[in-house]
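Attaching a single structure in structure tokens format; questions to follow.
We call the chains A, B, C and D, going by the order they appear; numbering starts again at 1 in every chain.
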């Protein structure tokens, strides 16, 4: 993807609205680069919880499986700023035995072209031992719907 | 207000929905005490921008007036946690020549009783000199509607 | 405490250096009011961990005791801003059976007078049941040294 | 860089200590993936301010040049957690006419191998017009020392 090929909403399979916060803006008057990753983390985990049954509160229980981020990336094309409302688009680019790679697009509410795009890799692990574990069935089913 | 007199939604005049974020939760599994103040800041400034015409981007312009926080407080009654949706209620408890004291209630989406309550004092200042300035007319009108 | 009686470093019993971060500053060019509470939480928990043996990682273990914030407050006298280094002063104002009230002062590195002052109340609870629990002995000893 | 070739401190040219904060930890008990980018932003801007004379407070002044992040990336090898102290290492991987690409390593205080590694691209722009601008001389000199 280069600057000449804009990233459109049609590239994504699931959307979550994101309400910006006062603190998201930095001294340069727009959402700080760091905060986009908080949007990524939020849209991904909301989906895993709602659709995949991820239990973040019982996360240290015997046998529970959680997703840990092992890599993330963001490219910033156009600024967004509080108090603008935005939408985060999400799709699954690769689903392996114990890992998943998401692609994310951040869109200003009324804009067809993404303001930022990123990706994010979860490795699923046993909550207690933190050793690699297969993607749980219900999460796999939910993620398959976004491929 | 004591624990025997719950704080109800009827105590507030304006509400904003707040979407919790993954990062809002701390190691104890609920929204960290610090983050409530980010909710306060957000609901207040959203209102000032939307209803009072506060211009946060031209905030260093000659003659612009901005609100700076000089005091804040929060009491935590019941935990909230990501991914729960919450509502922030707001009213104006005191409106002076150059300052305003807001009262805020944080409610779980379907709960009539507040999970947390707080207050927050803005002093309005000239954006450039940072000297005390009267509450601008349009902001005063907007705040008066919440008394 | 009024504006005519500045809060001095001598009012506190323990200090921690705080390194400001880029994101701490908001669009008005100084540390956002919310972030002071992150400083409070950090200086208090660093002390509880280092001196009182608080175990935040085994926080859901049977019989563990953790401190939950039930009330906090901050008064902002003078702004601080990234990249300034600051110091957080701390003392114990009240130590009860299962709760403690801390007082905190935020100081610019070379300044004798506080830029902000606040207080923060921890109630100690059983990590699992979240029911009120006595302040553990080792934490009590550590807190007593700050009274 | 693969998991078989650890990233060492010797790969970096400048270090800043980073004090973790309570809020940096998420429900999984370690520093949240998002927060590493706050460390990146902080170490880079501290260096630009101290060594390059970057003026973030006069950032809207006529003729001022600021650096905006256009791309960032992080790979997470081993967790770090509050209250651990860490070091951020930094070097300049590419210095162009109006942009710079930094490489960053995050190290636990006593560890020779990085816990996380990342990169971050700044494009320098006129603070007012936000159009691309050459890297200012003093910043260029400071960045050249890290190549």
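What we mean here is this: a residue touches a chain if its C-beta (ideal position, glycine included) is under 8 Å from a C-beta of that chain, and two chains touch if they have at least 3 such contacts.
What you are looking at is a predicted structure, and each value in this text was computed from that prediction instead of being measured.
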item: Smallest number of contact steps required from subunit A to reach subunit D; value: 1
item: Comparison of B-C and A-C (more C-beta pairs in contact); value: B-C
item: Chain centre separation in whole Å, for subunit B relative to subunit A (CA means); value: 28
item: Geometric centre distance via CA averages, subunit C-subunit A, whole Å; value: 33
item: Interchain centroid distance [CA atoms averaged], subunit B/subunit C, Å; value: 22
item: Per-residue overlap in subunit B, given as positions that touch at least 2 other chains; value: 22-23, 25, 27, 29, 32, 34-35, 38, 41, 56-57
item: Subunit A to subunit B touching residues, read off their complex; value: 17-19, 21-23, 25, 29, 38-39, 41-42, 45-46, 49-50, 56-57, 81-83
item: Subunit B residues touching subunit D - in the complex, by the definition given at the top; value: 22-23, 25-27, 29, 32, 34-35, 60
item: Partner subunit A, residues of subunit D touching it in the complex; value: 27-28, 32-35, 37-38, 41, 56-57, 59, 66, 68-76
